[in-house]
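I've put the structures underneath this note.
Common to both upcoming complexes is chain A, partnered first by chain B, then by chain C.
Our next item is the complex of A and B:
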């Protein structure tokens, strides 16, 4: 954290390290007249997983890739399994698909709960806001590590993770997801235990977070309904958030490009639960995966002369590079930065409330947080259906053979958004493995054309009060993306 | 240590009742493998001793250790330990941000010089002067050395801090290096696993905070109370191993009958950890119970010992004759491991004799092996 003022009156601020985000993050700000004019986002942690994977047995990706991240490990494992299934031409069994959905959804819902209670809301319990009418309630509920809602949410989360215990053996770093399905089927007794577990999670969410049935949250359809909820909806942390958001105008904070990408989440027999697609100013569109490329201009990586499609990508740090300011590459779709996450999934899926918020005020801090909460409700409802759909005794894992040559992309949705693994197999070994994680999209640095990444764009215009060295508005915007920095660079 | 609250005071302030406190003490005794007669001793210690500050640092890592830790079995244990830690410094969970957090770190180091415990999650990368892991504008390596200097002891959480883990796998692009190869003048308690089991983590830290002592360690520096048995020794599928009944592929007949996973790559016979006894996610299950073999994540070098799934192809990719071949392998393995059990028992008896009288001795840097790999 440092500060200096240039002769032109532009202040330079370095904010970081950030706590309550996953991993290390540093943001350089240029500010004038109490507003951010430019932001540069840096991921200061690099491990080189893509290099470590090269030359190994392709199946070992199932053990190594999840260890990129202890928070999104299931999503990483799912992407690896999908890439391997693609190379093997393997389709998971119905039970395998449904159980995988349950496993992935458990992690995503757990992450949404953690984000809201442990990472995002505690900022409103800081002394900075002591004069606000809602402060006492925010402090009681959300003070870091002490608030009543924080403790309760951690308990609910531990309960929810029993689903992973039952279906996947343990969490973090489960091993159960395989290219052909899962390593363990569920019997009738497991189904009962899963139902009981999800019932307990539902009750906790309905009692504390929403104050009402999950179905009512899932059905919210417009900004007006949301405003009515704030005024006289059921008591709960959701309503407290809406009150805080209105007071602080979080619907006017942190707007990026309003351009969204979702690979589609939770495969079904015909279509995924949440649709695949893009959403831009021109409305909905399909994802052209061949148009994805990573730009290394500011990434301190070799290969700055051209963008790299992930099948043709490389990860070679360039220690001599003086211009790069992050270890994060800049992924672009059709040459443009895209935002990803719950807000992207819900808007691409046509969820009317999220669509209305973005249409009327743009993709703000409010839009991101509301999308996550609406998605939490929708996903838990879907999970209850998947438990009913498990068929004891039916096959849970299809068998396949690894070819000597092949390539495939494994595309899934982590809690934080679109996650892709691009795998090339040659001579039976991994010849190339490139990963683009959700926060790689959201926290990307500038590309060759100087176009900022989504967070860099979202921070422009953020207010900085006199004397503020860790501007609280910047903290809200950064955390509204629920960044996962260890996934970002891997 | 003047002016520091006792554990009991911290718990009372957190709204925890006397009844819950005593329950916590008995749970702790059970978790540590101590008899009920130790409960009053633990209670007394917690009522009278000032709590030991813990500083929790994150290096090159994936945060799986923290994630495991925050959902330990007993909510009370988690609450208490977590609140004690976050009172001091933990950059993933604590309330304050940026330079305020750094200021707290320095304040605790200064005030409790020589008396605090340093808990490290992740490890320092040494290549390019440590620039692959920058915390607050400086290499993590510098922060680690600075905080370790006046620490009473160091806990290496997880396989990254203890051994290097997958980020140190060939070609180890950043030269990720375990803590004991960098900090060589402090007692180091290794708690390996990727991640370690939550109850093992809370057990180790509670023991140290309660008794103000380092738990008895094995030659590799791991607490004996949790790492003295192999997964295989207490595995509920062990009878199938002894009977020569094996899973040949995920979802085959053997898998449905819950047979032994040795032939699909299980490393249980060579892995020292508490998974098959303590289990995961509040005792719900563990990887073997979910039909996947143990990958040996708490063993040094588990990431570079050949494919985890290689056995699968070795046994299945050879066309005709696989049945006899597979059976032969299975029987031979049974013989070898059976023999190993006997040897292990004898060695344990010897060790018990050797260890009489040196309980509690600190073992730091007992494992001098290097696995930092080549520079990228």
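Our next item is the complex of A and C:
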């Protein structure tokens, strides 16, 4: 952290290390009259996974890629499996598809729980808010590492991850997801065990977080209903959050471009559970994957002459570079920055509450948190159905051969949004492997035209109180994205 | 009340997965486990309230000796590049490379714990061309050295304790910290790669439910088969030092129970096996990596005998994704 004041009255702040995000993050702020005027978001860690993957047997991607991230490990694994399946021309068995959905959903729900309880809410239990009417409850429930809700949520999360102990061996870093399905089948008794585990998770969510059935949360349809919930809904941490959000006007904080991207999540026989698409001021649209390109202008990377589609992309760190301010490249779709995550998935899927919140007040801190909680309820309900759909005795994994040449993209949704792997195989080895992770989109630096990334835009206007060195409003906005910094640069 | 055992946790060139795994501690949960041993997390990147200036103030107090640092836990590899500057990871908000922060804090730490294979030996972050010149705290792959150097000893006189694993089991980490807090871990309690022997003196093979297939060399041939994965699918469970199949993960899991090979993730340089992870290299049909402590001639002799004696049940089940022939039920009265 450092601070200095220029003669023009602009304050410069450097905020870091930024914890309760996954990985390391630095945010540089320029502020005047108590407001952020410009923000520069830096991912300070580079590891070079794309380079580590080059030259290996393509199947090694299933070992290496998940280790990009300990919190999105299964999503990275899924994207790699999809890319390999694309190269092999392989389609998973029905059981393989459903079990993969369960595995991916388990991680995503666990991540949503971790985000709300461990990363995001503890900021409202800071002494900074001691004068607010809800503070005593927030402190009791959400004091960092100690609050009752924090501890209970970690227990619920550990229980939920038993789904992966059973179906995937362990979490994180499993090899269970394969291009043709999964490595471990389930029998009838396994289905009962999974049902019991999900039953325990449902009960914990209904008892503590929502105070009511998951189905009621999934059906919330308008901002008015949400306001009514705040006034006289069932007691629970969801309602406490709504009360805090109203008091602090979190619906007016952290708006970015209101431009959303989702690759679609949880494949079905006909359509995914959550639709693929984009949502912009012009409404819904389809994703033109060929129009995705990464700009290196402000990344400390060679290859700044033009944006590159990931099949033509490169990852060559420029150790001498002094102008770039992040190891993160700037992904753009049709030349524009896009936000990704639960808001994107739910608005593209037409979930009416999330749509209404964004339509009325834009994609704020409130929108991001509510979208995650609504999605948690919807996803757990879907998981219960997938457990019933598993067919013991039917095949779990289709087999295929790896061709000497081929290329394919693996596109999936991690908890934090759109995740893509672009794989090129030549001479039977990995010739190119480019990854664009959700937080690469959300925490992108500026591009060649100087257009800020979504977080950089969302921070403009954030209030800074006199004397604040690590402004709490900035923390709310940053954490509302649930950033995963280890995925961002990888 | 005993004085708390203060732990400071730093992350660098890794995925954060060892922390994510640690949060899976259960019966009891993580905070109850730590409290039972008076272990206090001074600061942890995932759990603590303090961000930015508040966190750095705490680091300053530790470096000034105002707060005793009983254990420095480091997760993730140490990045020396580019060109030995450490700039591939500057600790946010400080302008100082994380490897330098670790060296400063290690100098005042009673104990240093490398959490995970990256922090211990370099791990996956050091794989392939090792673009960031990554290494472990006191090892560079299998060679001693690394970020702190072979001669480093913490204030307690111990070398860096390598809780290797990719990721670590939650209880490998908590039990190591508890043993340190209780004064029950000494140099003799570490194995040749300085892994705590309480989990590293076991083999992943111990308790593997595929043991009967192993005994008769009834091998899995493709992903999702039930048979032993040593012969064809790259499984190193007979050589890997860890108690995964007796301790179990996330309830009732382990890699081999999940249907895929053990890749020996607690070992230095596991990230470069020299072949595809899920394929067993062979010479003249014999797997290159033999079971631990087993002479080659005996393995060859036993294997050919075992193969000749494989019961039909195991032969059929080994290449199926579900049980097709159950074990016969014998009338124990009629021997």
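Please note the rule applied: the second predicted complex is superposed on the first by the 490 of 490 C-alpha atoms of A that agree within 3 Å, B and C clash if a C-alpha of one lies under 4 Å from a C-alpha of the other, contacts with A are read in each partner's own complex, and residues count from 1 in each chain.
One rule holds for everything that comes next: contacts are C-beta pairs under 8 Å (C-beta built on N, C-alpha and C of every residue); 3 or more make two chains touch, one makes a residue touch a chain.
Please read these numbers as outputs of a predicted model, since none were measured by experiment.
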Point to revise | Partners on chain A (chain B, chain C) - clash or fit | key: clash
Exercise for review: Please work out whether A:68 is in contact with chain B alone, chain C alone, both, or neither, and reply first, second, both or neither.
Suggested key: both
Point to revise | Touching partner for A:25 - first (chain B), second (chain C), both, neither | key: second
Exercise for review: Scan A:319 for contacts with chain B and chain C and give back first, second, both or neither.
Suggested key: both
Exercise for review: Look at A:268 in the shared chain and tell me whether it touches chain B only, chain C only, both, or neither; answer first, second, both or neither.
Suggested key: neither
**Study point:** Touched partner set for A:400, first chain B, second chain C, both or neither
**Key:** neither
Review point. Given the touch rule stated above, what does A:392 touch, chain B (first), chain C (second), both, or neither?
Key: second
**Study point:** Set of chain A residues, in rising order, touched by both chain B and chain C
**Key:** 1-2, 14-20, 22-24, 26, 44-48, 51-52, 55-57, 59-60, 62-64, 67-71, 73, 118, 122, 125-126, 143-146, 151, 154-155, 157-158, 161-162, 164-176, 178, 180-185, 317, 319, 327, 395-397, 399, 469-470, 475, 486
Study note, to complete from the structure: The chain A residues in contact with chain B across the complex are 1-2, 14-20, 22-24, 26, 44-49, 51-52, 55-57, 59-60, 62-64, 67-71, 73, 118, 122, 125-126, 143-146, 151, 154-155, 157-158, 161-162, 164-176, 178, 180-185, 316-317, 319, 327, 395-399, 402, 469-470, 475, 486
Study note, to complete from the structure: Touching chain A in the complex, chain C uses residues 11-21, 23-26, 29-31, 41, 43-56, 79, 81-83, 85, 87-94, 98, 124-125, 127-132, 134, 166-167, 222-224, 244, 248-261, 263, 265, 271, 275-279, 321-322
Revision key, fill the gap. As the complex stands, chain B meets chain A at residues 14, 58, 60-68, 70-71, 75, 78-79, 82-83, 86, 91-102, 125, 128, 131-137, 165-167, 169-174, 176, 194-195, 249-251, 255-256, 275, 280-282, 284-292, 295, 297, 303, 307-310, 312-313, 376
Revision key, fill the gap. Touching chain C in the complex, chain A uses residues 1-2, 14-20, 22-26, 42, 44-48, 51-57, 59-60, 62-64, 67-71, 73, 114, 118-119, 122, 125-126, 143-146, 151, 154-155, 157-159, 161-162, 164-176, 178, 180-185, 187, 197, 317, 319, 327, 392-393, 395-397, 399, 469-470, 475, 486
